[in-house]
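Structure record follows, encoded as structure tokens.
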Amino acid sequence: MKIGFIGLGRMGTGMARNLLHAGHEVTVYNRTREKAEALASDGARAADSPAAVARGAEAVMTMLADDAALRHVVYGEHGLAAGLERDAVHISCSTISTALSRELAAEHGKRGQGYLSSPVFGRPDAAAAKKLVVVVAGPAEAAAKFHPLFDAIGRQTTVVGTEGWQANAVKLCGNFMIASMIEAFGEAYAAMRKGGIDPHLFLEAISGLFASPVYANYGRIIADEQFDPAGFALKLGYKDARLVLETAQELAAPMPLASMNRDHLMQAMAQGQQDLDWSSLARVAARNAGI
Amino acid sequence: MKIGFIGLGRMGTGMARNLLHAGHEVTVYNRTREKAEALASDGARAADSPAAVARGAEAVMTMLADDAALRHVVYGEHGLAAGLERDAVHISCSTISTALSRELAAEHGKRGQGYLSSPVFGRPDAAAAKKLVVVVAGPAEAAAKFHPLFDAIGRQTTVVGTEGWQANAVKLCGNFMIASMIEAFGEAYAAMRKGGIDPHLFLEAISGLFASPVYANYGRIIADEQFDPAGFALKLGYKDARLVLETAQELAAPMPLASMNRDHLMQAMAQGQQDLDWSSLARVAARNAGI
Amino acid sequence: MKIGFIGLGRMGTGMARNLLHAGHEVTVYNRTREKAEALASDGARAADSPAAVARGAEAVMTMLADDAALRHVVYGEHGLAAGLERDAVHISCSTISTALSRELAAEHGKRGQGYLSSPVFGRPDAAAAKKLVVVVAGPAEAAAKFHPLFDAIGRQTTVVGTEGWQANAVKLCGNFMIASMIEAFGEAYAAMRKGGIDPHLFLEAISGLFASPVYANYGRIIADEQFDPAGFALKLGYKDARLVLETAQELAAPMPLASMNRDHLMQAMAQGQQDLDWSSLARVAARNAGI
Amino acid sequence: MKIGFIGLGRMGTGMARNLLHAGHEVTVYNRTREKAEALASDGARAADSPAAVARGAEAVMTMLADDAALRHVVYGEHGLAAGLERDAVHISCSTISTALSRELAAEHGKRGQGYLSSPVFGRPDAAAAKKLVVVVAGPAEAAAKFHPLFDAIGRQTTVVGTEGWQANAVKLCGNFMIASMIEAFGEAYAAMRKGGIDPHLFLEAISGLFASPVYANYGRIIADEQFDPAGFALKLGYKDARLVLETAQELAAPMPLASMNRDHLMQAMAQGQQDLDWSSLARVAARNAGI
């Protein structure tokens, strides 16, 4: 397919490359043009603006840091809303608020453009290795038509609903599941350490139980306190913790554990951890225990 | 080895059978004698009391429901404390309080008897299939000597410390990790359902992420609301949630998520769910969301 | 002084009347004109728009339901921003977000207009009886100049800072203190009732302790379950609970009890209590205890 | 009446003196005899043991630090259980667990002795000034007969039920109300301070609202951070926070705010505040906000 791709950060670069390797014709745009040109050897064509990327494309995928960045790409000068062809589809892969996702569906609809939401689970190495878990929501026809794109970037695609924001709700609740696991590790490790038990031994037992690479990986990072450099910065995890609560409010579904995660991430922010890995949330429990 | 085994419930029966299959000479005791006799075909000898089980045994394993049951077996008439040989070892596999574990170490010590704590992770099917995860703590020499017994009942043994109660702390914190996962599932599913998203689709995405049989299994039970019959009754999960908080108090390590789990399990108790599976904790979040 | 007053709900009517009684020349505006005309006998002049109210006035006080209503009055057609004289001051008494308060200070400033924030504590009967507690923040000169207006509507005025939003932060945190008291009453009463103790007797003891009319009043309403008609609707209390958390986020000050209040108010919303008095928050604890 | 009084700490001394001033014949006992003799000038007779105090007395009041101290006085050598006359009544004023209160009612009952529970609200100065709030529970006849004793020590007596433990539940829930207020102050002050608002100004507004001496007093202590010397030590507040949760468990009434109070008090313990005033709980919120 002839598609566009906007946002070549650590995640986006891997995703765009896998789309190219799958044989798609990809025009890319990034705020700093170097990253776009770096993909030329993989066959990408660099464009000068979101609107230029969209010219002639059946779909444009966006992978940006947050609501503000995506808003700028869509509504800014030479933006995607202006450039996207009639009947072409904006496929948003960013972890954004459900509110913005709803708004984008409406705004693109007004312009005769389509909108799919397809946030992804996985870190940059998974993006590079085509091992993302892709969550899709939006009109069924569009979801089916562009399924090959999702196959090209991930190892699993789940279509969760016909309204785009539903995929964002799933993504935010997924991050909530991970944050809850980190909180639980933090509290358990703090108790272990005050009891003279090596957290690595606790982790060995727990890994035997859960048999999950996510538990093994985060459990090790937290036991080793390897929070720097950050795989996923705490300030971004804090942003997502706020977003899931906004979604909970929209749905009138109380999520007290999500509130706790948000409060503890805010505590970590207030105590200077914004640029550490978000698993350093576990330090809050340690500090609260006097460690 | 010549050993005793007390407590032939759904867990204990599988464990005793695997000890027999590994070639150990096992004398068993159960409050209702039928269960003891049922193991005769596997080679077990049934005894009339905890004290009788202990006669001539190098070690006696106990697998009982709670502190009260274990206290009765140890301190009751013809109890284990009275019957255990000098230098023989009581190996406690039950999920009990760290306080009782400390007390047992001291009491057996006064009598010249040894004490190891070796609680296990796994449900009855894992006990039958020799797939338990065994957590051991106690004097290093004894832990090494009886390692073959742990190998006989599980797929993994982790020695976490030289004081018996430390293994109980690990076990209770492990159950806390599971309860926290259930709480997170409950909140996420409630949000999903209020958003018109099938929890099974959320689970599909999340299972892709965590790749853990524990997530897949609990996630499915909760999505299907298959809480009856209980694999592990909510009232027992509530008991463990209280025990982990007692341990947290002993260690002066605040565990606010453990408090939340306990409060929500108490809510489930107050609303009549004591005999359902403890994963029905998830119903609390649903009800709180007006579902 | 020659002033304007916008927003003649149950609170605003009492406040405007007391300003008239104190001898000020007051022009009033209300969306439904009847309420404005009802004050004619007290000497008020009714105007047709926020802008018309502002003509020739040294200050215009606003007392509206929420951010949206105030935004409409300020920025809408014939709005206050357009009509307020240069050097005249907008005195905002509404319980609004600190974010909007900051924005208004900036927007009025751009137009050469002043801005004070002066939210009030007290129910409609206190507004009528000139017994409000007034919290003021903004430029010191303006706060001093208009002090007579605050004296005219309340029994106590506290100036808390030189930036308008600070008064809103105080007001929101004050409502948080009340919500926390309601939560505490709810949990204590639930325990009392499950223990066969009449909540009224608990209240008698507690009132002896706190000697506060607020405790006596709310404690009685909750013990009697007199939640309808609402003195202050739960949905408004829920709004304020969300606003205080937004302020907490702006300030990077975790407020876990505010999170709990918000979650329990959301639970009450999800269970249909939006139009009951916000003290019906106490029902959540009762229901969670199986009552 | 001819009565005994055991426990002459800062609270008990004031209470015993007021009983003497009301004309009662009081024999006293204290572990350190000096405190007993100090009351001789007020007319007290000192005895050598709890049992000796009880000889010939219609009632014996006890005012001790905790469950352990009261257990020792009742069950220890020359204890109250042994010495109390048949049909005489043990009136327990200490803040103890509901479990111990139930046990004492049963144990005294077996011996043909009566039992009333009458914990008090108020600090030592209130005890001295006869301004305690007395909460009474137990058999109605005994509660009526000894009402003059309660009148002699307090300004208000509330009879809350016919089972002694009910008064202890009221007392523990009352302390929970105070702890919740302290937590709310702590969170609000932390937000104020991060917003550049003097907590004393917030307190002025809040005091205008609540008009409660308890708010004024605690609010000032916390704003001034005058936590040393302690009026009521944090370790004792922590003990009571644990006891109210035990009662909540007995009653199957979830008290999530009580859990939060306990966790934050535990955090304060872990961070070295055990001997400061319990209002230093507010420091936890400040520290969590990075102050």
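Observations
By written order: A, B, C and D. Residues from 1 in each chain.
As a working rule, contacts are C-beta pairs under 8 Å (C-beta built on N, C-alpha and C of every residue); 3 or more make two chains touch, one makes a residue touch a chain.
Quick caveat: nothing in here was measured; it's all calculated off a predicted structure.
Over half of the residue numbers at the interface between copies chain A and chain C are found on both sides, making the touching surfaces mostly the same. Comparing the chain pairs B-D and C-D, the larger number of C-beta pairs in contact belongs to C-D. Across the assembly, the mean Cα position most removed from that of chain C is the one of B. Each chain gets a centre from the mean of its Cα atoms; for chain C and chain D, those two points are 37 Å apart.
Between chain B and chain D, the centres computed from C-alpha atoms are 39 Å apart. Residues of chain B in contact with at least two other chains: 248, 252-256, 260, 267, 270, 288-290.
Touching chain D in their complex are the following residues of chain A: 256, 267, 270-272, 288-290.
Those residues of chain B that touch chain D in the complex are listed here as 242, 248-249, 252-256, 259-260, 262-264, 266-267, 269-270. For chain C in complex with chain D, the residues that touch the partner chain are 121, 133, 135, 155-156, 158-161, 163, 166, 169-170, 173-174, 176-178, 180-181, 183-185, 187-188, 190-192, 194-198, 201-202, 204-206, 208-215, 247-248, 251-258, 260, 285, 288-290.
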